[in-house]
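By written order: A, B, C and D. Residues from 1 in each chain.
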Amino acid sequence: MPTSRTTPRRVLMGVVGAAAALALTACGGVKTTSSGGGEGKYPTGNIEFSVGASAGGSTDLITRALAQGMSKELGVSTPVLNKPGANGALNAKELQSAKADGYKIAVQNASLFTITPLTVSPEEATKIDSFDVITGISRDDYVMATNSQSGFTSIGDMKKSGKTIRYGTTGVGTGAQLASALTFKSAGIDATAVPFDGGAPALTALLGNQVDVSTMQIGEAIENIKAGKLVPLAVFSDKRIDYLPDVKTAKEQGFDVLVTQYRFLTAPKGTPEDVKARLLDAAKKTFATDEYKKFNEQNSLTPMEVSPQEVLTALQQDTAKYKKQLDEFGISLAG
Amino acid sequence: MDISPILDGFGIVLEPSNLIYCLIGVIVGMLIGVLPGLGPGATIAILLPITYGIGPVSAIIMLAGIFYGAQYGGTITSVLLRLPGEASSVVTVFDGFALARKGKAGTALGIAAIGSFIGGTVSILGLTLLAPIVAGFALDFGPPEYAALGVLGVLLISSIGNGNKLKAIIAAAVGLLIATVGRDTFTGAERFTFGSLNLAEGIDFIPIAMGLFGLSEILYNLEERHNQVHAPAKVGNVWPSRKDLGQAKGAIGRGSLIGFLLGVLPGGGATLSSLAAYAFEKRRAKQPERFGKGAVEGVAAPETANNAAATSSFIPLLTLGIPANATMALIFGALLIQGIQPGPQLVTEHPDVFWGVINSMYIGNILLLIMSIPMVGVFVKILRVRPAILAPITVLITLLGAYTVRNQVYDIFLVIGFGLLGYLMKKLGFEPGPLVLAFVLGPMIENSSRQSLLIFGGDPTGFFTRPISGTVLALVLVVALWPLISKAVRRKPAPVPAGPPADPPVEPPVEEKTP
Amino acid sequence: MTILVGYLPTPEGDAAVEAGLREGALRSERVVIVNSPRRGAPVDEHKIDDDASAALLARARAAGVDAEVRQPLHDDDLAETFESLVEETGGTLIVIGLRHRSLVGKFILGSEAQRILMEASVPVLTVKADR
Amino acid sequence: MPITDPLEEEVAEETRPPHAGPVPQVVAALVALAVGVAGAIGSFGLGLGELTHPGPGLWPFAISIVIAVLSLTLVVTGRGLQDAERFSKATLLTAAGLVTLILLAALLPLIGFEIPSLLLVCVWLRWLGKESWRSSIVISIVTVAAFYLLFVLLLQVPLPRLI
């Protein structure tokens, strides 16, 4: 290995480099925003939609449909980024600490704020106060279904069978878990929860007879229900669902279990009013398109395009109710 | 069988953007196949962040193109310089270089290109026919089966590697342990996070792959491993004569079959199949002494087989969700990043991805055949670029690429950390491959086995009484006990004489690569 | 005592060998033909293969000179490579070919010949290619 | 696979520098052992649960035990292995390269990517690659310009930058 020759140039280079670095940092400062950001009227750059669930699930599909429509309205591209984990808590944490400039927004689930806090320590819970709600989006109800081979047709049938029911849920701290746990407890059925990471694997396990029943969002199960592969046992809404008019609610079957999932568009706390107004306007215009309405139908979603205040009220009421019921039955949702 | 999804797949591939990604993939693949240094694994790892921005089908088409394109590229340096650009082209050196010395380098390259094309195509046909059949059993795969498959995958990769088995298994286990960092999906408990928010989300696959495969390779190569400089070789006429083709015909056919079969086996892969195909041809030849002195079959067989295997190794990935080798583990990761879980459900849930990727291989192979013959001269020129110039550029792509994934400097430090780990592992005889692979499969194994235990009511015998998981676990046992079995088999006489011919002793450096 | 001849497969290189062999015959000294490729790249177009070096040796025999071909690798220091060869073989003369290069080209790429000229401790004979 | 090993070994053998002695082998195994033991202690603290209700620590605990046991075996049996490479003077090159990487990561958020990248490429070319001053400077400037074009202008990646 030959040694490199020392040249005055080498020293000179170092000095020049260091000086240039210092000079530039002193007067410049470092930029990170992508295109355009800063000058001009919002939005000037890409608006990132992050999703706290893996691609293909309801939240992801809704985000993509909304992002697509809003992209047209706002005239910028709206990349959708999946950041799955902990029922969206990881994504929420990231959004919460993002810059409140309207360039990073997310569709979030009610269950993250109403149910997840019941399963984790208070400091870990995501709080709605950390976000600005822009608008409600849609309701997505749960259905408990079983494989057509099981022979069950109602919650009562499961009780009659007398065996331990193994039920799939879409994860710890989700509405699916809460609805199932409340149902089995209030019906006095012996049951074990098997948490999966989202609706798709819970559905797959049910179709493959790995579990006896699964509770999923309607959109995830409806195709297989129509095809006769799955038999719906109950829905957990107040009234019957338009998409499954023949399926009795849990209430009708005598169990006071009311759990629904709804979603709303959020931005980090402190997002400027004009930015929020612009986003709301774009969302409303998207809701009004035929394309988006058709999307809702295809995915069995009930529109819930309400004001931020109504979203907040609903969240508060649900939280209080779930807490009371869990205490009453002595259910712990954590592992 | 319903062929409309297959035809739709062709529609997807023929979209101009996908054609371009396919073209980019095979060109990049050929380039890195030619260049000693970066292997397809390292390249795919480095390019992973870019796949973030493009759709899943395009991303996988491109990454797949890199993988099988590298098999073509590796031939060129083997033949012209006795320098296998890829581990899977090592045997091509013997007869390829001998042919080159006879002034028939062109013939060797031509035969290799034709063989590669045929091998690849046969394998895709097999993939097309076989994959949906395997996928038909999809619903029978529940958590216990996935758990068993995951264990089998980790075990196979650790036991069929090149190095010390014990070290490989330790590396794999460390990979499994690293995968547990972060929040537990069952209880929400934080594991090994030491209170760090960055770790609460677990460790991302991209920095691990980029560090252990990409950066470690560069750091390792900094220690001057290339002290051979070659004179430029003459290529000559690339089109093989009728006589040469006739000689190679059988070898190409058998190479396709061997490559397809060994590629499907997890852990088999391109390297193994090229070696096996060469050994097989030599054994059945009437004049085995011709081998090593410029036998056309000696080029045709391994080159056909490595391409066939590269293609068929997609079968376990796309149908069962088991990556057959470290490169497949990266593609597995790329699919996960895109929100697609490879497995039995893939063909029904994402037919666009499934058939798009498979059919892109037909197109990619045609592109490679068209390119490889006229462009041989161009690729040979690349060898004149000094690795010292490429290294800093690659490093910069790696580090800035890691940053772009989540826009966090933390990820750059992760890449550097894992780069150092990978470098030390290589120096100390640990392969990074099993670690990365186990890291990918870890969550699947853990979640599935915990779900299974819940389903079984805590009774672990359930794993063995279900037909599929039981069979898979029996396979796990066979693999685990393989050293003993093979010892018993080897006691029989007539070991296969597969050593290379005494004449040209192979002196140039062969790259240590991630397979 | 030996004469070192820098050789590249170019007209200038051939001219250098020609001159080197002539000097070797005149002085009855051994000739070492130095064909030094740059370290690093797997292939260097300046490196000659075995056939070409055999041809060079044949030329030397025809000229009645005892010769050998050396192919040491060099980094960014061809001049140093020559210096160490001078020391090792007891060189008395370096013969190199010169090619014409424009001023700009010389600025960007530098001139190895110039550095050999400046740094060599023995006389350097430079020749041009036959026109 | 018995058929193929000799082939591969013959080709691969010559590239590797002299193998390291038993000390690095044992040290490596001990490090792995330490990882296993630390993992086992950490996961035990998380709670193992039972088979019917596995706790968060059960799986990592099982893996850690496997690591520990296998590493212990390696400490005992791995002494004579020849698959480790000796750390030589060339290792210093790698160490130097590593330092430049860390510097780049540390400086990136402070002064943007341009200057650290320029210096990194330049250092790698000039000292690790032994290129001439001229080509080092030209290539590093061109590289950084190309990255700027690609990442900032074309891909619009929010890299910290000066310009």
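One rule holds for everything that comes next: contacts are C-beta pairs under 8 Å (C-beta built on N, C-alpha and C of every residue); 3 or more make two chains touch, one makes a residue touch a chain.
Because the structure is a prediction, the values reported are computed rather than measured.
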Practice item. If you tally contacting C-beta pairs, which comes out ahead, C-D or B-D? Let me know. Key: B-D
Check your understanding: Using each chain's Cα centroid, which is most distant from the centroid of chain B?
Key -> C
**Study point:** Inter-chain centre distance, chain A versus chain C - centres from mean C-alpha coordinates, in Å
**Key:** 73
Check your understanding: For chain B and chain D, what's the span in angstrom between their mean Cα positions?
Key -> 20
Review point. Once you find the CA centre of chain B and the CA centre of chain C, what distance in Å lies between them?
Key: 46
Revision key, fill the gap. For chain C, residue numbers touching 2 or more other chains are 39-40, 75
Check your understanding: Got the chain D residues that touch at least 2 other chains?
Key -> 53, 55-56, 109, 129-131, 157-159
**Study point:** Residue list for chain B, restricted to those that touch at least two other chains
**Key:** 53, 184, 186-187, 189, 386, 388, 407, 454, 457
Point to revise | chain C contact footprint on chain B (complex, rising order) | key: 36, 77, 81, 83, 226-233, 380, 383-388
Revision key, fill the gap. Seen from chain A, its contact residues with chain B in the complex are 32, 54-56, 60, 79, 81-82, 84-86, 90, 93, 119-120, 124, 164, 166, 171-173, 192-197, 200-201, 204-205, 207-211, 334-335
Exercise for review: Using the touch rule from the top, collect the residues of chain C that touch chain B in their complex.
Suggested key: 37-45, 47-49, 52, 73
Exercise for review: Name, in rising order, each residue of chain D that touches chain B in their complex.
Suggested key: 1-4, 6-8, 10-12, 14-17, 20, 24-25, 28, 32, 35-36, 39, 42-43, 46-47, 50-57, 59-60, 63-64, 66-67, 70-71, 73-74, 77-78, 81, 83-85, 87-88, 90-91, 93-94, 97-98, 101-102, 104-105, 108-109, 113, 117, 120-121, 124-125, 128-131, 135, 139-140, 143, 147, 151, 155, 157-159
Check your understanding: Given the complex with chain A, which residues does chain B contribute to the contact?
Key -> 52-53, 138-144, 182-189, 197, 200-202, 338-341, 345, 349, 407, 447, 451, 454-455, 457
